[in-house]
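These are the structures in question, set out in turn.
Here chain A shows up in two complexes: once beside chain B, once beside chain C.
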Partner chain A sequence: MDEAGGVRRKRGFGRGRAFAGDAQSGAWYPRWFWPSFTSPAIAWQSIFFVGSMYMILAVAFGAVDIFRNPVPVVQPWYWDFSRLTETVGQILSSDGLYRPIYVRTVVYVGIASSACLVIGYAVAYFVAFHAGRRRALFVVLIVAPIWISYVMRMYAWQGLLLEDGLMNRLLLFLPWMNHPVNWLDGRSVTVILGLGYGYLPYLILPVFAQLSRVEPMLLQAAGDLGAGRVQTFIRVTLPQSKQGVMAGLVIITLPMMGDYFTNTMLSGSPRTMMVGNIIDDSVNLPGLGATGAIVALSLVLLLFVPMLLYMRATRTAASAL
Partner chain B sequence: MNTDPSTATLPRRSWTSAAGPVGRVLRYVNDPWRRRWGFESIVWVYIAWSLFPVLIAVLFSFNAGRSRTAWQGFSLRWWFEDPVESLLHNPDLRRAVIQSLKLSLSAVVIAVPLGTLFAIGIDRWRGRVASTAQFGVLFAFVVPEIVLALGLFHVFTRVTENVVPRGTLAQIIGVVTWQIAYPVIIVRARLLSIGREYEEAAMDLGASPVAAVRRVLLPLLVPAILVSAGIVFADSLDNFVTVRYLSADATSEPVSVKIYTASRQAPSPAVNAAGTTLLTISLSGVGLAFLAQRLSAGGWRGRGRGGRNVRRRRKSPLSKRGLPLPEAAPGEGEPI
Partner chain C sequence: MHPRERHDPNMITRRKLLQLAGAAGVSIPSASALLAACGKSPKATEGQKSLLGRPDSPVELPIHEDVQPIEDGLPVEEGATLQLFNWAEYIAPKVVKTFCEKFNCDYEYTTFNNMAEAEQKIVSGQVADVIWPSAEILGRLVQGKYLQPLNQSYIPNIENTWTVFSDPGPWYDPGWRYTVPYECFPTGIGYRRDVVSDEEAAAQGYELLWNPDFSGRIGVLDVFRETIGTALLRSGITDVNTEKESDIAKAQAALEELVPHGVRIDINYYGNFGEKFQVHQGWGTDFVTYVRFYSPKEITPEDVGFWFPEDKGVAANDMMAVAANAPHPVLAHEFLNYMLDNETAYTNFAAYGYPAPLNSMTPESLIDQGDVPPHLADALVTEERWKNSYWIAELPPAAEQMYADAWQAFKLSSG
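Our next item is the complex of A and B:
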């Protein structure tokens, strides 16, 4: 894609030029021609995306009415930052209310995405190099969960993990299991399993896309030059798949950090509360409007670098579709 | 011990050239082209693990009893036989399915044209304003969905509550804001692989800029537009976070929200049936879109993609002045 863009730019469709074609082609566009194509989407996103982002600021630094519902304040010069210092204190101070929730979220996301990476890389590797003629079949089966609603998939797990569900029934066959485990009463294991299960397919896609670009001839060359299979993997395959791994990790960690429904559906206990749950509570309960907005802002700040990486990664993902 | 210096430096080869069953096994293990049965079975275990829970949930929509865990026989009770609680007769669930379809079809109708036009415009319009606009559109896509949903919730609850309150219209707006990036990314990738030559040729032959876009560029973009329509459709159908915050009450909740709410109470298998319905629609929507894309891109052999094809076409001796090979153009025989 880059090559194509580069070629085109070199041919001199410079910025601000009214003429879009080369001299002999005679093709020209009015200066406003191409910008006018973008204007509907720009208008839409300026109103609704920029508007809603601004509204988060207006609520975070706004006032509250007598029912403790947030009253957004649009003018920055009237903004009240007392809730900000309070909430940031709760996040950062060692005995803060929200600190354990942030720590837990990072730990959950860390464990779940590492597990996703190990499993996802192996699966992507197999499909890219060893699936042979059945590659299309594997790709379809691996991509299928992406198009099944996340909520539906968590609901499915909930059914399996119920006290009299299939999971316990299978586990009770084990000699040392005497009584069923209540998986859904607020266990970190269950939430991490849910997160991993839910987001894993999104990681496989970019990793697979990157691995399929590795030239098989390079692997053969490495073998011919005396590298064993392990060495070939570490020194040839792995470095070439780095971009896909980064993309995959970013694509799954961003939504995981803001996830609240995995937790409510598979645990529902405050013991496994995540950052997303604070935001969700601020929508459902009175008095937390500003807190929720500040937590949302903290999430954007925390994830700003991964978000920029994601924007680059979307190109990788787009070519895999 | 092999003393021949030419093979002594490569001990591996001498092992694998051993005669007898040991050599055969070693040759098999070292054969880079052999089938990796162990590896393959791990992948199959993964695939089973990723699909099995959903299949069980689908299966239990056909359960004769109310249980989600004990199989009580096959019946269509929760689909349409039960006069009160089945998916067909429960107004709550039926409405939810219709609401899901309404939202996702509206999202396709709005987001795909907006995104396609944006992709075309941004591909040709360069400069600081253009790159800012592109950054903005893509940023909306990478922000965690809950942040966007929270902002939209406050907008529709506290600012526009008298004009556009939370409800179907607000949900459509929210989903479009979230989905608009898909057509932008996909159509843009296709534009990069098409290049500009067709359009220029059309204009050399006297087409106006608008006609060149409408009659040359748009037909070339059809595969990408179809794919993005399929993706936007399926993804909006499954949308949960945005749509939940923007629903006004139980009547504007789509299936995803119903499943979520039901999962925290005592769900009946009719909820599984609703989920199964959506799953079927979503998968067939994507499937159809990709099928249509392949057909409209002119055959089954993976044309109509960006990426590597671009390089190959540009370097091909058949393509003078970087013109793509004629096979890449759908409807090439038609007069332009």
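Our next item is the complex of A and C:
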């Protein structure tokens, strides 16, 4: 305890005053000095996160005007919860309108995220360990698609997936392909492909960053101790990259769950609608703004679970260091 | 509804910016779109009586005591910045620039993607001189005092329009107190003529959309009133503004029949109709636009046809109005007058393909000039057809809600 306390004092916390950060300057600052550096972020989050969350609540339980547009009601004592019951029923009941959409969205996101993980991990592994002097070039190439608007990239995919598009022209070289595939007629595989393509770079980057930090000596030591390549990967590399994988999955899974644009651009069929499409439609239809807000809140709750898992994994990994 | 009721992906509005931010990975997926819906409370409140005019029972729009037309003979505001609030890509920039040169002004062009968004922005205090509303919200805008009555003395070019627009004035605005017409468009079914002949299309009519032979290549407009209107007509219900729950349920059931056929709900079809679809419900003028500007070389104008019911179908027109909060109301009146000039209207048509209802711009003249292929004559509206059409009109809130609910049920059905 004394030693721990001593460490804390050395790091700068003692009797209401804080040390500047190293012993060389010898300067002391008030206790609030360093925490105050977070005030811009706190202000930002208060306005754009907490504030916006509250406005969604105000829409969810608010009123409508003569145009049937939502009128946010900020005073909770005036809130109307009638839409909540109705919408939750549509989500949870076995014959609910929204229930299949939630299931479909989870399946799509699960498959697309898994595909991203498999493809992205392999790419990140190659760039981290085998790209040599071209590592920077590969990183640029990974990031390059993000420079182009997502809208434009989806338009490009539309062109590639047309019946006489490049994808079909290539596929028709296969001996068992006799006629082109109508990729854009509302297929789940097309939407999953689009999701996977759109979010892949966001997974590669954190995994690559984590893999780059793996100490080569550890891999060498594993080899010296008799581990083969596969065993070294499973027992050394993979655990070392766990945090990057978790971060990458969180980064891609959260926005994928709310994505509506990929489906709109690559399908447009009712058979592939996702939760994000419910929200988008609700906002654009008269009288359904509250429904859209409630569905958005349900997504927040749904995504809270993986976020908690991620935070727990991060904390565990940090404490293990 | 009208041809510009579509998402323009290149245009970044406040809503789109927020939506794209959501798509790009903010922590509350899609919630951002909802925030765009938050604005000031409307001037009018729920419960006020709607002005529900119909073609056979027009309702004169009231002139409020506190929102009066401008005086006669006022000078045009000098060095002003004209504020236009319109659909994206729905007016030729060249036309606006010429106006600005003539009146020594600048302009700002603010856009909306659909009428719901336009309403939200107007209610939230959008500053505008000229607004492009549709018939189904006009009454509400007047009721909410968001438009100012026109001083008709500034708009002599109304004489260039079809007689019906000035005498007695269109059914949605008798006496043209608030609006002048902009563009006309019919709602029907576009088809690939190399897949289905004109005769076959005429024989099938609305059933073109429900024909399983076109499975996977069928599209409908992502505009709930228009598409439910088409489903109502296909079901034999000619009141496209019906308030009967059973009628709307029939239309919903008809639309849900399309889901196993792989129907796609689409709004950008005017850019790639021939490549992606064989039949598509839509606005006739969009198919004219497609063959004029967007079709690839493999698809000739001859390959695209448009079916419209021989007896009676849905048609409409857009309109221009002056906002109640217009900073430059005289300039706005001059702009309305300028847009009804024959030469201006033709320049505007030549740039993007939507004709104005002017006496000088008949379907015959456009076909004779080579602007529109003869076989697409039905994709244009004549004055006679305009008078003899079904119109998507304003509904009371409860009925509109039924349409919205039916539409969402269709869009989310798995077939």
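By our rule, the second predicted complex is superposed on the first by the 251 of 321 C-alpha atoms of A that agree within 3 Å, B and C clash if a C-alpha of one lies under 4 Å from a C-alpha of the other, contacts with A are read in each partner's own complex, and residues count from 1 in each chain.
Simple rule for what comes next: contacts are C-beta pairs under 8 Å (C-beta built on N, C-alpha and C of every residue); 3 or more make two chains touch, one makes a residue touch a chain.
Please read all numbers here as calculations on a predicted model, not as lab measurements.
*Asks:* Thinking of the overlay built on chain A, is A:P72 touched by chain B (first), by chain C (second), by both, or by neither?
*Replies:* A:P72 sits against chain B and chain C alike.
*Asks:* Does the superposition put A:S36 against chain B (first), chain C (second), both, or neither?
*Replies:* first
*Asks:* After lining up the shared chain so the two structures overlap, which partner does A:Q45 touch, if you call chain B first and chain C second: first, second, both or neither?
*Replies:* first
*Asks:* Quick check on the superposed pair: does A:N178 touch chain B, chain C, both, or neither? Answer first, second, both or neither.
*Replies:* After superposing on A, A:N178 lies clear of both chain B and chain C.
*Asks:* Figure out whether A:M257 sits in contact with chain B (first) or chain C (second), or with both, or with neither.
*Replies:* both
*Asks:* A:I101 in the overlay: touching chain B, chain C, both, or neither? Say first, second, both or neither.
*Replies:* Second partner only.
*Asks:* Touching A:G268 in the superposition: chain B (first), chain C (second), both, neither?
*Replies:* So A:G268 meets both chain B and chain C here.
*Asks:* With both complexes overlaid on chain A, does A:A63 touch chain B (first), chain C (second), both or neither?
*Replies:* It touches chain C, and chain B stays clear.
*Asks:* Once the structures are superposed on A, label A:W157 by its partner contacts, choosing first (chain B), second (chain C), both or neither.
*Replies:* The answer is first: A:W157 touches chain B but not chain C.
*Asks:* On chain A, which stretch or stretches are contacted by chain B in one complex as well as by chain C in the other?
*Replies:* Dual-contact residues (chain A): 49, 52-53, 55-56, 58-59, 70-72, 150-151, 155, 158, 162, 164, 254-255, 257-261, 264, 268, 276, 279-280, 282-283, 289, 292-293, 296, 299-300, 303.
*Asks:* Would you mind writing out the residues of chain A in touch with chain C in their complex?
*Replies:* Residues in contact with chain C: 49, 52-53, 55-56, 58-59, 63-72, 97-98, 100-101, 150-151, 155, 158, 162-164, 182, 184-186, 202, 251, 254-261, 264, 267-271, 273, 275-289, 292-293, 296-297, 299-300, 303.
*Asks:* How about chain C: which of its residues touch chain A in the complex?
*Replies:* Chain C residues touching chain A: 7, 9-10, 19-20, 22-38, 41-42, 44-46, 48, 50, 114, 116-117, 119-120, 123, 137, 140, 143-144, 215-217, 219, 222, 224, 259, 262-266, 272, 275-276, 298, 397, 400-401, 404-405, 407-415.
*Asks:* Inside the complex, what are the residues of chain B that reach chain A?
*Replies:* Against chain A, chain B makes touches at 10, 32, 35-36, 39-40, 42-43, 46-47, 49-51, 53-54, 56-57, 60, 68-70, 113-115, 117-118, 120-122, 124-127, 129-130, 133, 135-148, 150-155, 158-159, 173-174, 176-177, 180-181, 184-186, 188-189, 192-193, 195-196, 199-200, 203-204, 209, 212, 227, 231, 234, 237-238, 240-241, 245, 255-257, 259-260, 263-264, 267, 271-272, 275, 278-279, 282-283, 286, 305-308, 310-311, 314, 322.
*Asks:* Spell out the residues on chain A that touch chain B in their complex, using ranges where they run on.
*Replies:* Contact set of chain A toward chain B: 1, 3-5, 7-9, 13-16, 20-21, 25-27, 29-30, 33-42, 44-46, 48-56, 58-59, 70-72, 119, 122-123, 126-127, 130, 132, 138, 141-142, 144-145, 147-160, 162, 164-166, 197, 200-201, 213, 219-220, 223, 226, 229, 254-255, 257-261, 264-265, 268, 276, 279-280, 282-283, 289, 292-293, 296, 299-300, 303, 307, 310-311, 314-315, 317-319, 321.
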